[in-house]
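Chain lettering (A, B, C, D and E) follows the sequence in which the chains are written, and residue indices restart at 1 in each chain.
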Amino acid sequence: MTIYSFWIFDKHCNCIFDKEWTIPSQPRSGTTNSKQNENVAKLLYGLIFSLRSITDKISSDPVDFLSQKNRIRSITTGKCRVHLFETATGFWFALMTDFKQDDYYDILNHIYKNIFVRFISLNYISPSDFVENEDEKGGQGIRKINNKNFINNLELFLSPLIS
Amino acid sequence: MQQQQQPSNITRRHDPSHPHHHHQLTEEQQQFQLFQESLPKINRLVYQMLLNEIIPTSISVQNRLDESDDNSDAEQLKKLSISEKPVVPSHKLVSQMHEIKNEGRYNNILERIRTIGFKLGCKIADLLVFANNPNLNFRDMDLLAIMKFVCRDVWKLVFGKQIDNLKTNHRGTFYLIDYSYQPIKNFALNDDTNKLSAEELEKKELKSVEPFLELPVGIIKGVLEALGYNAKETICLATYIDLPNEDASHYGFSKGISFHVQVTNTTRQQQP
Amino acid sequence: MINFSYEHYMNLLFHLECSDENIPSEIARRIVSHAIAPVITVTSTPELDKHIQDTYSIDSLYMLLRFFGGCVSDRDQASESKANAPHSSSSLTTTKTTRARSRSNSLFQRDSTQSQYIRFTRPLPDLVERHDKNDMLFDHHSLESYLRQYLELVEKFTFDSTSHQLLKKSLYHNFFSLAISSTTTLSPFESFNHPIMSLIALDITNSQSYEDAKGLLIKFKNLHNTIDKFPIYINTYDMLPVFLLCYNADSPEEVQQCEELSVKIKKQLFVESISLPLWKNSYQTEPFIKLHQPVMSSLDEMIYFLQSDEQNTLPIELTNTTYDMLEKLVYALLIPFMQRKIAFWEETVLQPKKSIFHGSKFLKKLMSRASTSSHQQQNILTKDHDGNEYFASSSPELLLRKLADWSIMLSDFKTGYATYEILSHDLELFPKYLASCLEWEAVSLLMGAQNIVTVKMMKNDISPLIDRALDAYDACAANTHLSNKKIGPTNESTSLEPVLSYETRCLILSSELFLSLSDTWTSTPYAINYLESILEESRLGPCSRIMIWERLSDCYDLRVDPRIKSKVEQVQKQDNLEEPADNEHRILNSQDDLNPSNIVSQGLTRKRKAAFFRLLAAKMWAEQGQWKQVKWCLDNITDIYSRVGLVNRDDLILTRLREEYNIAVSDSK
Amino acid sequence: MSSSAGQQQIKTLKVLGEDVWKNKVEKINSELFTLTYGTIVSQLCQDYDRDFEKINDELYKMGYNIGVRIIEDFLARTALPRCTDFNTTSEVISKVAFKVFLNLTPTIANWSQSNDAFSLIISDNPLSDFVELPIDAMKSLWYSNVYCGVLKGALEMVQLDCDVSFVSDILRGDNQTELRIKLNKVLKDEIPVIED
Amino acid sequence: MPQYFAIIGKTDNPVYEAQFISTQKKDGTQEFPSDLKELNPFILHASLDIVEDLQWQMSPISSEGNVSVSRGGFLRSKNASTADNCYLGKIDHFYGLAITAYITYSGMKFVMIHGTSTNTNEAIDDNNCRIFYQEVHELYIKTLMNPFYNASEPITSPIFDLRVRQLAKKYLK
């Protein structure tokens, strides 16, 4: 199993973090928040956004209020699979892997709970919302998660999954 | 310096409740534990956030005080629109500390944080002592005993862990070393727009965290005051120290904290 | 420049210009030395007295010489630098000091043997006649009325602004000295007030001659036969007769007569003489100096002189001449005589006693136990004319007692202590004698130990001695009580008083000596304890009692832990140095010093207690209408109470006393 | 009372809240929390010279900043999705949020006719233990106003724009401590700006 | 027996004061005589010297003969149980009045003058007295926890006063 890349989008339609591994066996290889990925990010966001509006439409409201709506869990192509995790506060976590593994929900949940919440939400010298004004909303954001704790812990956690 | 010639580690060696030592708990200690457990509880996270929120709030208070100072005529007007003003996010308030040019303002903020810590320390000391904690042994009620009390009981209560190391010269100077001071253990500066060099980033990060260290400084002084050492005669400073395990600095806050406590008037301990 | 002296301090009310001086902490030991100083009787002839009266308007030779009691070397009458009344404001007038006496006076001398005090008294027959049959040491009624009169003078001489700290101490010590000393009381149980020298005076100008001298001497030697009810415990053989030849210095004949007479007296009567040029023409042209009352005298005399407005003066030269004579008298005659006697008694009474035991403690113990029964006949009391039983003057017990008493009079406290110690074993069965003996055993320790009295010594040696003495006094009181009951309905209280007067003396003396020790932290609780006993047991009058209350306050004030003593003293010194104009600063300063964070208040002092007892004293002074004292007490506690919210409310005593004082003062105006 | 949050759902939420509280959170003495909060309020009183309006506002802001962050921890722990209706929201706040954070379950009461506002009745408010308000504060200080800020901030993060405020407080001598939450509107999710 | 009770701060400032009057009719002295009433705060103030001495004493022997506790300095006591240390017992006396004291670790002094009863040899019930002090201490700590109360300010809360008086009624004769 191989992880190719990891993406975080916020409720302002911005990609606030991306990470791409170039050499699969080395967790520290590759690029973080790279300029080149900006377009990929936009495309990925658009893909998910479009699919979401479709899935929303094709399902009725749930009977049990606790169950998720008809959410996308993964998008699979012939070569890879994008695993998705969504929070009530509008964050999307996307993990692009090969298609050997069916479900990465627990992995993404762990990243949210133990890495994102800890090093972003509870980090008082980091923003919790990466938009500072109206101009940065709607996918026009310029701010990224780039603090070392977050990145290092993320890499540490994902390293056994690479290779 | 002569003072630091013979530092000795105290907490670990003598600490009865340290996890590495499997002590048989005395009946009293067991009872105390049961008693402690029976007390009403809340989520530690809530408490920690409240503690951390003291820092941005103190800055916000200073901002507002300065506003009304600058412009007292318009105060009435402002008062009306108080709630309409957008809330400044905590990290923004904290980052304002860099921009403060006025030293007095800066110090006022630190002093406010220290004062809250001080008041808290005073009351905590009373509360803890009253709780009749059998771990407290005030048999030789000297400065060392009080510092141990701070390291173990106060720190454990407020920050959920004990101080890692206590050093003293036995003449009124103490170093309380905490390698992972809980409130800031996850802190790392997020350079949103990626403009700073690594050095600049580190410098700015350490500067940003400094105000958070004033709270424990105040608490230490408060506890000492409550137990008989006048705050005017106590110097307490927090400084960054390197972590013993360099690797750890990549996954959490990059520095340990050393609280340097100096009690200038130790006359109460003066032997005949 | 005034040389602040012992006498200045004791009579501070008449030397108010000195009221900001300092006194050494061991002042009490000076006073005790003076209180037990050798007593000299003065016997004169009617001719001489008349002659003195005519020239100097002083009633008699005794009345003249009594002014010269005190520390001989201090020459305090002569060194009086002012001819003006003490309360006169013209203190700037330059006055002559008669002799430059740069050496320090007795007040500041380290070694107590350097200053010898003496006291003068009336002739022996007078003393015997006045002797109280109950053996009372002092009469508390007289003490009280003296105190009241003295307080009236205080009221008269001082202002609200008068610096009163030292004055109040002086007042207490004045009171204290009268309670522990008397020149007229002949106690059967101790010999401090027994005259040691008899000065027999002749007026050469009035041609008094060898025959007169011989007659007077024979009369003196026969006193025990001629006087009715002569006390069996007084022995004129233990008194040194000395002739005082008074002459006119301007007359060469008289000078020669003196010389011849003195030689003849010495040859034929074996008595020394000393001459005093009482008259001289040049005296009249000299400035006269006002004489102040001597510090120690009998209570009756003190009261008398306080009441009289009489102001006696003497020419400066005569004053100095008299001191010259006294120095000769004391150092050439009195002290050698006492030393000879002491040596003799040591050899004849003490040594035989000691030698039996061969210095072995075990044997000594054994023997002393045996001796109480086998040597019973030794300790036989003799009945006197009134049916009271006493040791006779020649009994070994009384001789040993004299040996001890005289030793400490000459500041040989070691011999004194050892002798009291030995004597106390012989007196087990005689509580009155035992009590006084134990008391003075303790006193000699306290007097002699200087600054090296340790906590252990106080606890193990001195305090038990005093407790035993007090127990013995109590036993006497109980005996008296019993015997009174047997006899019938006599007034109990008066018959208990004699013992009580001793007990009070013991308590007040012990307390004061404890206070003179350097480790006041340890010693003050004892002093407090003794003073409280006085309040519980003695029958002192109301003002006298308030004096004790105030002294309690002083005790607490002195209770300072040795660790911070120097710090406190420093602070006080600073306070003293500050100009009164700098008042505000001073208050701020002292506030700082008493700040609770300051070590001073960490249970290492008793300043609050001191203030409380001062307050009680103020309350009691108010009840006695002594408003000046009330004022001073209130002033004293203003500082400590001003910062204490607890005590400054309107419904509390402090406010009430202040109001009462204001009313009293405005009424009197 | 709306029916969509049925008894079964309420029970499920209750169990969830209790389970998280019991097994998934680190706890501390509530006294310490009380003490610390009290110290902050007392410092604000001093700084603002007893201008209680400003103090209320500062406490509210402080709460808001806590709310916007603490919601993430809440969601991560409970794994709850967005609520489908406001009734459910009220139950989640009472049975899960208050339980998980403060180990207490306020009573939900006083639903508005239009079902867009309700009250939380807080008994045993841990913030106000030992507190006795000075007389001058009785009329104008909302001692526990931090709660309002927290709820405001947290709800806003899940797209619920609400007004949160106190109606009464035992500390002021009222019968009960009542906190009112009124839903203004459900915020729309943002959509990407179409680029040229 | 009437009692006069006070809590004294570190600068000798009164934090709380109360006089407890005996309600038992058979007890002859229900209230302090007026001359004592105006003197009580002074007696209490004077005893603070002894309280502080015991507080900081280093040697176990008290030179004051009247101290009933011989365990020595409060903060240096070898006793295991900390709360027991706080109660100093009878520390002082003044003409038939007994003074007891209790001290908190933060240096607040609780002091009480026990009035004389007609039955003169009635001793202080140490146990009840101790419990009274300990419970007042708890009330004090609760007061201290009130954010609007600053340490060493006078306690004006009527609730505190009421509770202290209830405790006095319960534990003090």
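Please note the rule applied: contacts are C-beta pairs under 8 Å (C-beta built on N, C-alpha and C of every residue); 3 or more make two chains touch, one makes a residue touch a chain.
All values reported here derive from a predicted model rather than from experimental measurement.
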{"item": "Joint neighbours of chain E and chain A, given as chain labels", "value": "B, D"}
{"item": "Chain occupying the middle, per Cα centroid", "value": "E"}
{"item": "Pair exhibiting more inter-chain C-beta contacts, A-D or B-D", "value": "B-D"}
{"item": "Identity of the chain that, by mean CA position, is farthest from chain C", "value": "A"}
{"item": "Distance between chain centroids, defined by C-alpha means - chain C, chain D (Å)", "value": "85"}
{"item": "Centre-of-Cα separation between chain D and chain B, whole angstrom", "value": "27"}
{"item": "Distance between chain centroids, defined by C-alpha means - chain A, chain B (Å)", "value": "36"}
{"item": "Where chain D and chain E are represented by their mean Cα positions, the distance between them in whole Å", "value": "44"}
{"item": "Two or more partner chains touched - positions in chain E", "value": "56, 145"}
{"item": "Multi-partner residues of chain C (each touching 2 or more other chains)", "value": "597, 602"}
{"item": "Where chain D touches two or more other chains at once, by residue number", "value": "31, 35, 37, 39, 42, 68-70, 73"}
{"item": "Chain E residues touching chain B - in the complex, by the definition given at the top", "value": "56, 58, 75-78, 80-83, 85, 104-107, 137-138, 141, 144-145, 151"}
{"item": "In the complex, chain E residues that touch chain C", "value": "6, 8, 10-14, 17, 35, 37-39, 41-57, 63-65"}
{"item": "Chain B residues within the chain A interface of the complex", "value": "45, 48-49, 52, 55-56, 89-92, 94-95, 184, 186-194, 205, 208-209, 212, 250-254"}
{"item": "Contact set on chain D toward chain E in their complex", "value": "31, 34-35, 37-39, 41-42, 45, 129-134, 137"}
{"item": "List of chain A residues in touch with chain B within their complex", "value": "33, 118-120, 122-130, 142-150, 152-153, 156"}
